[in-house]
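Mind having a look at this structure? Questions to follow.
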Amino acid sequence: MFESIFQNIRNSKPIVHCITNFVTVNDCANIILAGGGSPTMAHHKDEVEEITQNSQSLVLNMGNVHEVSSMILAGEKSNSLKHPVVLDPVGIGASKLRNETFINLSENIKFSVIRGNISEIKAIANGKGITKGVDANEKDKVTEENLKETVEMAKMMSKKLGSIIAISGSIDIVSDKEKTYIIRNGHPIMAKITGTGCMSTALIGTFCGANKDNILEATACAVATMGISGDIAFKKMKIFEGGTMMFRMFLIDSISNMTLDIINGGINIEEI
Amino acid sequence: MFESIFQNIRNSKPIVHCITNFVTVNDCANIILAGGGSPTMAHHKDEVEEITQNSQSLVLNMGNVHEVSSMILAGEKSNSLKHPVVLDPVGIGASKLRNETFINLSENIKFSVIRGNISEIKAIANGKGITKGVDANEKDKVTEENLKETVEMAKMMSKKLGSIIAISGSIDIVSDKEKTYIIRNGHPIMAKITGTGCMSTALIGTFCGANKDNILEATACAVATMGISGDIAFKKMKIFEGGTMMFRMFLIDSISNMTLDIINGGINIEEI
Amino acid sequence: MFESIFQNIRNSKPIVHCITNFVTVNDCANIILAGGGSPTMAHHKDEVEEITQNSQSLVLNMGNVHEVSSMILAGEKSNSLKHPVVLDPVGIGASKLRNETFINLSENIKFSVIRGNISEIKAIANGKGITKGVDANEKDKVTEENLKETVEMAKMMSKKLGSIIAISGSIDIVSDKEKTYIIRNGHPIMAKITGTGCMSTALIGTFCGANKDNILEATACAVATMGISGDIAFKKMKIFEGGTMMFRMFLIDSISNMTLDIINGGINIEEI
């Protein structure tokens, strides 16, 4: 599965257009480069359609609630060009504005993939929010016990919204309406840096930009690559007795040094 | 003093709402996480009241002079909820706009803590600016010789403004109208990276968010934690023969690895 | 050549005013500090003239197409004060908005230096764009084969625009209408992190701010310093088996640790 997906990225070096928040925008640009893509973070409404036209995928991050009209312009253009469009519904459930923004975006744009933490995905599923800030609520956490019902929720959402659903956490879920990948890579320290979620979404955009005909597997690969890099980065951080910022460095470093062999050696993925 | 303050952060994991500048926003979010809090950097005027309502403290950073109306909405809401509100008057004295912004904010919001470098604090005290850019002016520097008069100035400001005054520099001062902590930790290299001040303010917001009934000591602890981390980070940087960016990494790393033992072993604090 | 340029930076510690994009703004501020300057990133139209007045140079980065009116206010003020003004035409050629923004800026501001990748510089030379995203187009690449004609293009542009032209790539070119420096330092990995170009421009602003009477050599020095730091950073990254983020850290670290001896030992510069 991974071989052709990686090869397509190397061959096409996809340009990934991101309209994203200003907190983690630098990390997102760097992880796209590390993953083999070329980032463009243009968000002015007078140029986003042109920029998207020359890109291979579009990443919309709701952390930037100031640029909704740009997101809609870029999203509609991407849809018309059949570019993959990846949504990160950052903080949905945390404010009425975020909930309305999601509705506004989803009424105008067809998303190829929606990636969020479990609280964000539940906020979409329930049509109401239980998110605290931008981090997942502890009581929503995906465990082996509630995994089956969470997968069912993801499948139903995918059927209803027509998007692949990616849920990030200690257990990652990537699902369309029929097929689901369960990925058990990554480390809890990933929640101790800002931007892990945003970066994961940006990497999905990179993988999908080069694999338009295989969005489900491209998304699963991106999520697994992120998790495996988290595993490697934590070990390296321990060797040098570092903390969360050294972890972030090694996380993106590991993406930039990723090979098929490292993936195959580290991946813990299950298809159900 | 430190034990209960740290324990309260670990127990409550405070959500810290920051309306801050786009230069150092990523560093601020990461230091809040490293310090044991959960950051939310929402700044759209249509959601800041809701976001603040679900947070435990508010950090306002005047480096973002575009979002003053959002700051006032969030500040008024925080005041009504008795959340700690921490102000960083970045660049006050450097332009009329900054001076007017400070007046505008202080007429509408009661600040629990105001933290700045000595030039910024003097600009407030004098009602006129002598700041050059965003860095402290060399001739304003706090020394052992002018320490006593600087402490008196801080006490008077605290009495007048009803806020704790925190002055950052080679000697740090944290004072209310009666009691003052003098902290002699940290390293001059802290002035060679952008964001040390902003990060210090964000960390104060984290410590205060979990210690609402003890703002003075929480602020002193945050300032000391920052200084001790600077000491550790400089030593680590030297081992690896790095420069300013490695220093920044180890600065936040040291916050993320901080323990009560490290604090007690490294702190140089005096109460007067 | 380098000795006096470096000495002037150490002596004057120039304040560098940047109006720049939010993707790489933190890196730009940090490289200015590492290079010996003091950054101020103020971009509100109501304060940029005052801020520029108290600065020694101005850096305008077209990645921020939202702040063109602020750029013009600051640029006109800088011109009137004879401060060096450095333009980074990020993404020119990628959209009509960028092309119009360049025209708008160049009709109102006299630039001391314009620094871009070869695709951006060609877009200016040709009056039409061939840029893909923000990275240089592979087919535009400067090689030993097309070096002579590229230098001629730079000289002609310099004559026409009255600005020094700096072209970044595997071979760097810094030229006025008569004299050209060819610099063969740096490493291809510099294209694998975001912000190398923006940082290079910010460093040029720092060097020029302290060397107003010698802009050509100051620009060449800044470009060479960037390249030599890239060489050093790549070697260090290899020692620690890191990736692109460790490279970025060591890149800015090397600027912060730069000495005249390191420069003289590493530089590969040719004057034609």
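Before moving on, here are some points about what is shown:
Order of writing sets the chain letters: A, B and C. Residues in each chain are counted from 1.
The rule is simple: contacts are C-beta pairs under 8 Å (C-beta built on N, C-alpha and C of every residue); 3 or more make two chains touch, one makes a residue touch a chain.
These figures come from a predicted structure and were not determined experimentally.
Listed by label, the chains touching chain A and chain B alike are C. In this structure chain A contacts its sequence twin chain C using mostly different residue numbers, the overlap staying below half. Chain B and chain C carry the same sequence, and matching their CA atoms takes a turn of 120 degrees, rounded to a multiple of 5. Centre to centre, using the average C-alpha position, chain A and chain C are separated by 33 Å.
Chain A has residues 22, 26, 248-249 in contact with two or more other chains. Taken together, the chain B residues at the contact with chain C in this complex read 21-24, 26-27, 65-66, 91, 94-98, 132-135, 192-195, 242-246, 248-249. Contact residues of chain B toward chain A in the complex are 15, 22, 25-26, 29-30, 33-34, 38-42, 44, 46-47, 50-51, 54-55, 248-250, 252-257.
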